[in-house]
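Below, each structure is written out as structure tokens.
One chain, chain A, appears in both complexes that follow, with chain B as partner in the first and chain C in the second.
Up next, the complex of A and B:
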């Protein structure tokens, strides 16, 4: 009876565990194995090359590191522009205003759309010859500002980053707003009683209480933005030259472009480790900030 | 001395700035979508010249052409099938597991649950590489079932976590009553736990549906046959194939975006709940 009951319990988790082991655990282990091989993904024979894939990534693959810096640049813009916008909007909505829910609904439309749709629509708007943006610039007498936003090496990366922010700020907005709404109104009342003006109570009440939420949003932004790439495929495909390449695009390129499966896995491990280190540092840093 | 009128004017001005800010950002959010729809109603000749936001003539036949000639009808159905099957799979499998993790005691329970939890935290960039290899070995590459199983796995961990948190807080009295009435464990799961979990199941359904519908990279890597491709992949390859027929592309994009926006508007309550809950997970 007891045994039958225990077996029944396992039956409940069995489907989930089977799928998880086959489609998560095994691929996870394979990444570490394949990273040590040179393999084209087709031939049955793999060549063991030890750590030479990692050596190549660390010391020879200039484009890999360029793509890393470029992802970092996009992340930096997302951390500042996108999160600042999200916070300001949340702060503006966290008060007695009309149609609060309307804004909440609108701001979250870009995040629910697919990266393919967003990327292709913006690519059309930003098109150098027929795009709406350049047309408007010309209309307002700003022809000098018009350019091939996505095929000019000088502007491509920043343009991609701004579109990424457009797509993403709704997330931060919702989380910030939820955070702001947990701040008890009495605290603001008390601050006002003590003669604090709006700016003071913002600085002394809102900001300190929002530190944990801000840290969480920042960590999510970094992890999400560093790994973003579908939007970039849709907008530039990584070009012009390598100016909008990011690490995950390089991994895809190693796999499909140059058929180097082992190298692609090694890149995946390197990038995964870097992401874990970054979020760990962010976490420690915020921990200190909270104690101070 | 600052008078009441001074404060009143100041307040009105501040509010004005706030409303202007909110409205301009709202416009920036929806305008690209208007432009997408507007472009989808122009023709290949007018689309490069006619920059009016509301086109002079409405060429609705673009939608027919995109659906038939562009093949988006086919891809739309593919996407819809994948979405429905993956979501059904996730709901059944994750609710079974979450229920067991929450209610039953058995050896290995904590380790197994921790495994799913860890999977949510550890990023594997480029996981499509080993998945491609795996599916090739299982002879499931370029098959619908291979893609569906992969996508079930993608949504599994978070769904189990959300459901387990819900079950943990759910009172046990009803289940106890059902057990005394002689209901089996599966019967209780099916007839008591699942109906009570409806609000959180809605979150699971909506989020996973959006996720599968919008998924691109796994589908790109796994499918070779055009006949199996979902919308997102088809849209991207439509753009690169020959001289882009922009009106048809824009019609295709609208076809891909419309269900998402409809589902979002109908279910936004659950989506907002999910985002805030998901944030706590992270």
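Up next, the complex of A and C:
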């Protein structure tokens, strides 16, 4: 009877396992295998090069590591600025304020817009010659601050990061809001009866209960931001020079620009492993924090 | 009970198969249907019209399938090549190296015998430079059997255009654009003083930087030295190459380059020029159609990039604009070749040129093109293209060179630094190849 029940359980998860194996495990193994070859993506023959593609990525490809750091910088801004903004807005919308449903819709508009459209619109706003932002700055007497936001190496990356935050904060907002709504109102009532003010309630009730949600949002932010590239292509194409290059753009460049499919696969595997390690570390830290 | 369920299942399956087979396109016996993939959004209506005419004339149906943008099209063609399911006719949007891989993989039919039959009647219709882009010559470094492997549909040149009204506004003769680099720099200073935008181009898509840099490399060092550099016989730290890189610094310092040029995409550059906001543009002959659509009253003319040296002539990139190849594995390859012969015939080429404002690949069809387009055609003799050099530079070197020019323009690095960095990458790639 127990064996039958166990077999039944396996039978139920079998479709999911099959789909996972076909669409995730096999492609991963295949991509890893391709990473061991030099191949242009057209010829039927591939040249086995062992781990030399991985060696080149790890020890010779400086631009790859520059792109990793730049993606890390955008992620850092997203983790702090974007998530803080998302949390504060979600917290505000969770309270009894007027037109909160309207705000919920407004805040969720940027994430549902096409990244290419957002990139092109922001490119137009930030244009150094005829951009709206520089026009406003001049209008308010701040023409000294006007610049070529996307072509200046000092501002390009931060500008892209800020636009990415604007585009992405709605997801965090939605998840934070859902999390806040699961906190029992009685806890706030009890805290108030015990003499806690709004700040104390926030610190002692909201924050501890929102830790699991924050962890999830953080992991999603890291994974989403590290893999961002559509917005960047639309805004700067990875330039000026290499200043807004990110890993996915490098992988794309290896495939399309250089016709090095094997190397691109090796980059993809390396990048995937780095993301897994980051997520694991993040999870371990947050797990410890929760236990503490 | 069980039996009736099986019968029901069989009946449902039969019904499904019947419905699905009913959805399949009907094939008329004896009349082959040719499928052609392309990426040219602007030429789609003209292609459809020509397909109709061809079917009316011969009974052969041509299915033009558009896959745009060009990046997506390239990926589709590569994926189809990997799956060995390319259409009867297709185009390749890559460098000569990739073109050679398609041939080596047996995807492309050699067309030399078709070109040469009847005393080379088909071959003689094309501009030699247009055909050269699809040709592999004797002793080519790609190890491809010499011959013709593609059919050019149109020709193009990539050069400069200037706004006549803006040039006049700055006090220059609108019919005499800057001829030398020194004159160009002088205009740049005036542009800066007038608060106008100078040269616009799609330098965010770095291949256009590469194009202009190569023009100047040919002008300063000559073809032989440029090719010797690609072969690894001359380093990029050679004074000639440093001079080429320095030209970009001088352009930036003079103010002749538009603000934000390093991240500008060509569509934006075209808008700026078409709206009369930029004095110069570096663009291909396809721009005539684009500017016509954006601003039909734009008063402009074509010019060669101003020469930086008198030692060698100024060479610009040009040749075949877009080409079609025939799938060597197609069972309709003979019909596909026949269709391409028809498509590149005088009348069809004239129709394409008129409908799409592109330069026809057929020499006999040039008479009907607009004046501005004929200015581009006039410079056809000054053209060259990496696809006719018989040798390709390493992609990593090209990237370092082009991105290096961006670094020079944004004032981050000096020409000497970039030359040294590019040479280092060149040596690494050469060592890897060895």
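We adopt the following convention: the second predicted complex is superposed on the first by the 265 of 292 C-alpha atoms of A that agree within 3 Å, B and C clash if a C-alpha of one lies under 4 Å from a C-alpha of the other, contacts with A are read in each partner's own complex, and residues count from 1 in each chain.
Criterion: a contact is a pair of C-beta atoms (placed from the backbone, for glycine too) under 8 Å apart; a residue touches a chain by one contact, two chains touch by 3 or more.
Computed from a predicted structure; not experimentally measured.
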Joint occupancy of chain A by chain B and chain C, clash or fit: clash
Which superposed partner A:107 touches (first chain B, second chain C, both, neither): first
Partner chain(s) touched by A:97 [first = chain B, second = chain C, both, neither]: first
Which of chain B and chain C A:227 touches, first, second, both or neither: first
Of chain C and chain B, partner touching more chain A residues: B
Chain B versus chain C as contact partner of A:236, first or second or both or neither: second
Touching partner for A:174 - first (chain B), second (chain C), both, neither: first
Touched partner set for A:204, first chain B, second chain C, both or neither: neither
Partner chain(s) touched by A:40 [first = chain B, second = chain C, both, neither]: second
Region of chain C that runs into chain B when the structures are aligned on their shared chain, from 24-32, 42-50 or 60-68: 60-68
Intersection of chain A interface sets (partners chain B, chain C): 41, 129-130, 256
Footprint of chain A on chain C - complex, ascending: 71, 74-75, 78, 81-82, 94-95, 97-98, 101-102, 104-105, 107, 197, 204-206, 258-265, 268, 272, 277, 395-396, 399, 403-404, 406-407, 409-410, 412, 428
Sites on chain A touched by chain B in the complex: 6, 8-10, 12-13, 15-17, 19-20, 22-28, 30-31, 34, 41, 85, 88-89, 92-93, 95, 97, 102-110, 112-118, 120-122, 124-125, 129-130, 132, 135, 166, 170-171, 174-175, 178, 216-217, 219-220, 223, 227, 229-230, 233-234, 247-248, 251-252, 255-256, 261, 264-265, 267-268, 271-272, 275-276
Interface residues, chain A side, partner chain C - complex: 40-44, 60, 123, 127-130, 148, 150-153, 156, 235-237, 239-242, 253, 256-260
Residue ranges of chain B in contact with chain A within the complex: 15, 18-19, 21-22, 25-26, 28-30, 32-33, 35-36, 39, 47-48, 51, 92-94, 96-97, 99-101, 104-107, 112, 115-116, 119, 122-134, 149-150, 152-153, 156-157, 160, 185, 189, 210, 213-214, 216-217, 221, 232, 235-236, 239, 246, 249-250, 253, 256-257, 260-261, 264-265, 268, 271-272, 275-276, 279, 282
